[in-house]
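Below, each structure is written out as structure tokens.
Here subunit A shows up in two complexes: once beside subunit B, once beside subunit C.
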Partner chain A sequence: MNRKSLRLLGCVAVAAVLCLLLAAGPAAAQQKVIKIGTIFPLTGPVANAGQRCQAAVQTAVEIVNGQHPGVKVPLAKKGGLLGGYKIQLVHADSQGKPDIGKAEAERLLNQEGVWALIGSYNSSVSGPASLVAERAKKIFMCGASSSSALTKRNLNYFFRLAPTDATESAEFVEVLKWLNQKQNANIRTIGIIYENTLFGKGAAGEAKKAATAAGFSVVVDVPYTPGATNLNSEVQTLKTKNPDALFGAVLGADYALMVKTMKQANWVPRMSINYCSGYQDPIIAKQLGKDADLFMGSNAYTPQFATLLPAVAAVEKIFKTKTKGVPFDGDSIQEAVAVIVLAQAIEKAGSLDPEKVVKVLHESTFDSPLSLGGKVQFAKGGQNIKAFSIVTQLQNGEYKRLYPAELADSKAKVVFPMKPWNKR
Partner chain B sequence: MVNPTKNRIFGKDAVWLLFIAVVAVLPLVPGFADNSFRMHVFILILLYASMAQAWNILGGYCGQVSFGHSVFFGIGAYGAAMALVTYGTAPWPGILIGMAAAGLVAVVISYPCFKLSGHYFAIATFAIVEIFFRMFQVWDWIGGAIGLDYPVIEEGLWNLVWYSKTGYYYFALILFVIVFGVVRWLEGHRFGYYMKAVREGQETAESLGVNSAMVKLTAMAISAVLTALCGVFFVQYNLRVDPSMVISLDMAMKFVLITILGGAGTLLGPLAGAAVLIPLQEYTRAFWGGLGGGIDLIIFGLIIILMVIKQPAGIVGIFQGIRQRIAKARGKGGAEIGTP
Partner chain C sequence: MGAFGSPIHCSQRLLFVHSMETVLQVLIDGILSGLLYALVAAGLCLIWGVMDVINFAHGEFLMVAMYVSYWLGFLAGVDPLVSVLAAGAFVFLLGVLTYQLIVKYTVGKPPLAALLATFGLAMLIKNFCLNRFSPNFRILSDTWLGDKTYHLGELIIPIPQLVTGIIALLVIGLVYALINSTRFGWAVQATAMDKEAAELMGINTERIYLLIFGIGGACVGIAGGIMPTYLAVHPEVGSLFGLIAFICVAMGGFGSIPGALFAGLLVGVVESFAGFYIAPVFKYVAVFGLYLAVVAFRRKGLFGW
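Entry: the complex of A and B
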């Protein structure tokens, strides 16, 4: 390396660092703008899901800011909030890592001057990021993180839309009882496969609690490391114990790998039911094709719920322009709901004072045509008590609504037990 | 006759003392502490420089490349978190236990590993990270995969938790002074020369009477204890720990990357590496992370590749090169570009 290029490289490095350190002063003065920060895993193992969540937030903001007479959700026709305020989004990438999510929450609140935060998909990121918001007395809207621990912290500024893994576990156990009654399924033993993270382990813990309380016996419990390249030994363990029903908390690509490995091992349980995970991801279901069929799981939304949620279609049309045609799924739609509920609270409070908006969030019930519950209401600690999901089964690539009975698809019939691979 | 003590204080070390003094008064400069993201970047520079310097003892001065330091980092972090979250006390007893445990674990696992030579030692340390990661994930006593979340607690020295960045800034600075101070002391101590002798040629060192096994084990223990102290800071700063946050290959690589980028086996290297790498990492993410698609990570990666291709001796190598040329131009002959 000659002297000239050495000097150049040295100068460039020093100048770059100095510029970076001195850059990024406080945000510019804001006029009639409500800045909201988003924190999602835009890169890393669950990047697809994170990017869809970000697109859902953008969709909802577009609806609230503009005038959309054809969209039947609250505030779609007004064109802004509080007589002319527009929401402006500032996006951040958590990479799915708690420390980065926390640092980004601080940056968004302190440097970008955002008024509230929305995020963060991964429960492990939502935890520390929402603590930052709590200390700063800023609102944190959490769409899809399902760890029940999050709303047990009794935070004042934290609000979560999705059902928790505790709610889902209770619902799954009800499904087992329903199958035993209606189909004479004789399900007695349960196996659990879950990713070894806050989400997976939390779900598995709630599953064990609910199943044991209802008299089922958990015979096998298989954790795995997320992002696994091989699940042979995990599936073999399940096959050896052969539980009647399998509960799964398996995210993204790991879910596809699990199903493929089950096929290789030529084993299926008599029924398999999954938490909000790879099961409900429309891209994964498409990739798996026929192999995804007959598995069951909980969904807050799929395009097959259109008759139950007629308001979604117009919103989804905008959403699809941002996701190259991929429809909403149960997680991403919750993020859109988070924005619309927050917007309603601001409008109702008639002020941008976080304390007043928090009071409204705690005390009101909000219309939510994008949610199965139709309403959103928060309990102390921030859990949406109107949240629930429908248990579906994939049949010929379509999510058929099965449980609860009043929301079931009248033409759909549960296929039980699951057909062995060689008879499909 | 030159007085070596006087030389130490007023010579090379004067620059360091001045540097620490400047860093210490920075938060008092009007406008500096107002920008909490800038404070965050400075805090991370001090933390990662300390982590890299702790690794540098073994990897740089003693020449034993370890990819397993995230294990000791994790043990330190868990020590403080267990005391605070599980037992509801101040983190202090946990810090001491964590540091002692890290040192002990380091000695126990490296004793057989040091029998491996060259690249095999590095490969073995890779495996150790994986073993500890899995073990911590299924170990329910320490919270397993769910990890430990800090409750909302009072700020201050007792809990080692602050609501503002200034407290953490000075905590990081103290950490930095401790770690760099130990390495500076080692540099001038007989043990420092033993380490360098082992690095340059184990057989030669042994033939001169250096007990290379003991030197390597001691270097590993010192390095692990200081790394655990850095882990304490990490958990107190992030208020949460789970195995994938600390005991990961990703974290292990950061120790190595920062030191190599800055210049391994030099006192300044880890600081130079962290001062360039951390702002790049944080600001590329702040500016471009929200765009999605990992543009920030691509730019960050490209800059690292360019640095490594253009100057394999690290940032310190660049400055030494410049100094050497200036000295040559004056006809005095220059310092050698010294990296292992």
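Entry: the complex of A and C
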């Protein structure tokens, strides 16, 4: 090796050391970091919902870490936690698959060394991923997964914000009774269409239980394969049995396909009510246009709830910068609430000891201006007992609040029965 | 007696008519789905039959065609019935490029090489679309065919699917005629039977492969071009179609175009009847079960040789 190349090598080595030092500089200055892992379906059939949930978590973290005097949410003005700690997110993609979600939970906890996990949209992923966290004695905050089985496991480190499908099923049955009473609807028979997953099967099971207990008869029960190439036999089965009311637990593109197939088959039930799923996805409602009208469902949030939740506007402004203008929906907003509640618990515990934070989560009631309940309080097993949603009906592309009566839009009137396709 | 007998007789007849109509409706739905499957499968079948290459990115080719048609419709107001040609041409080029840049280097290598290479391409295309177009579902509204239906008594025939079926039959017929009745087709058959012998006869097998990959792409491109009329476009939309096309080809017999058509129809009808008469959740179980049964008894497929 000649002198010239030695000099060159020396320069490269010095440059490398300098780079390392420069890179290490800010890291050393930012040691007060709370690493939190997120697991959402960022790819796969429900990726649009997953990406929105991730954006909601990022929005909430931005609010907690920074100083936002205009945002009326707890901890928005403080700029960090515990006197200077900032939350740092590490993202993972579950693809909507339980095995991948579980593996990612293990990676985040064991290799990335995250302090807590947030996720995972799909109930079927939240289930196994939260078990990994439970074994590691780490907190798992679950925003949107709605399977009631998740909080029946009595885990100590699992906390879920959204209402369960048991709560929603009971609410749907109340809506049927309300329609029978107020509109003389004479609804007696119910059909259920649901995706053949933990979420769908859980929702269908709860729907049957609630409906049967209230004296309704479930005449048809249609599970389908998510991501199906068509839903012809599914809709044909429903059409043949022709239930008065249809309960749906249908996610994403499948919801759009279901509505389109119903239109082609020239069939609508007299009323159709849907769990937090494709129905409440603002993109799908927009894409389906008029065809989406007159379906009903539960929402934890839509921009039409702005008068009920005035604090959302400022948060949504930040959220929209991450989603190219798409507003919050009932699922994504729950993930933002999950972050803010966890941040409040850390602050209240005054420590990063998971045991102390878990104790606070179990014992306290948290302010939550982004939730319809206004407060968040967890029961044993981790269910937020203040959670509920409003039953809405899509009319001219707007989610009209119908039930419960005290939260209903005073100008909105339910359209019952649904108009046939040829009379719209 | 007659006075009491006739109403019962009437209601039984009504029930029978009702069930006959249901059977026919299920059959129509099955045939129309089947024709779409057959068109998607025809392209895969051609590539497989001639080159012994499994194009794992076939479902993604379908998705790309759907995006081409969707964007033409959304940005330029072109109806899918017209943009079907652009989608076909685009995926023809995509097929040619795929051959030229990837598959060419795997010919003559172990079959796994092409499979893995096209699997990688599938991942690339899917994630590119996810990144560029987001995972949002896109539905084209106000198309010419829209949600139009034709009512034949109680039977409902969805016009978009019917037109897709007719296009499928036309395209499959054209491809069949191309392979069996033209000099190009004979060259293709010769290349499929014995590549080296075909080269000795002066056939440019490299060019045949290139065109076959292109034509295979064009078939699936045409299918994808028309589909946004009735199916939401998103990056995952091609996956199950790709799998069903694979089954149709394996079941119909490798390289047999009539086989792919028959298998596509069979898959559609079995799916439809199993979905309605057994349980909707069993429709794909029945299709995959049938596939297993066919390959267990006829390893080369129904029309294979």
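Worth a mention:
Methods note: the second predicted complex is superposed on the first by the 394 of 424 C-alpha atoms of A that agree within 3 Å, B and C clash if a C-alpha of one lies under 4 Å from a C-alpha of the other, contacts with A are read in each partner's own complex, and residues count from 1 in each chain.
The rule is simple: a contact is a pair of C-beta atoms (placed from the backbone, for glycine too) under 8 Å apart; a residue touches a chain by one contact, two chains touch by 3 or more.
Just so it is clear, the structure is predicted and the values come from calculations on it, not from any experiment.
Of the two partners subunit B and subunit C, more residues of subunit A are touched by B. Once the two complexes are laid over each other on the shared chain, residue contacts for A:264 go to subunit C alone; subunit B is not touched.
Touch criterion met: A:90 reaches subunit B, while subunit C stays clear of it.
When the two complexes are overlaid on their common chain A, residue A:43 makes contact with subunit B and with subunit C alike. Once the two complexes are laid over each other on the shared chain, residue contacts for A:201 go to subunit B alone; subunit C is not touched. By the touch criterion stated above, A:224 is placed in contact with subunit C alone, subunit B being left untouched. Shared-chain residue A:234: touches subunit C; no touch with subunit B. In the superposed model, A:180 makes contact with neither subunit B nor subunit C.
Judged by the touch definition given at the top, the superposed model places A:156 against neither subunit B nor subunit C.
In the superposed model, A:51 lies in contact with both subunit B and subunit C.
With the contact threshold set out at the top, residues 43, 47, 51, 196, 223, 225 of subunit A are in contact with subunit B in one structure and with subunit C in the other.
Listed in rising order, the residues of subunit A touching subunit C in the complex are 43-45, 47-48, 50-51, 196, 222-225, 227-234, 236-237, 240, 252-253, 256-257, 260, 263-266, 283-284, 287-289, 291, 324, 421. Taken in their complex, subunit C has these residues touching subunit A: 22, 25-26, 29-30, 33, 37, 126-127, 130, 134-139, 141, 147, 149, 156, 158, 230-232, 234-237, 239-241, 244, 271-272, 274-276, 279-281, 283-284.
Across the complex, subunit A meets subunit B through its residues 1, 3, 5-7, 9-10, 13, 16-17, 20-21, 23-26, 38, 42-43, 47, 51, 54, 90-93, 97-100, 102-104, 106-107, 110-111, 124, 127-128, 131, 134-135, 149, 153, 196-198, 200-202, 223, 225. Contact residues on subunit B toward subunit A in their complex (touch as defined above): 34-38, 40-41, 134, 137-138, 144-147, 149-152, 163, 234, 238-240, 242, 244-245, 275-276, 279-280, 282-283, 285-286, 289-294, 296-297, 307, 310-311, 315, 318-319, 321-322, 325.
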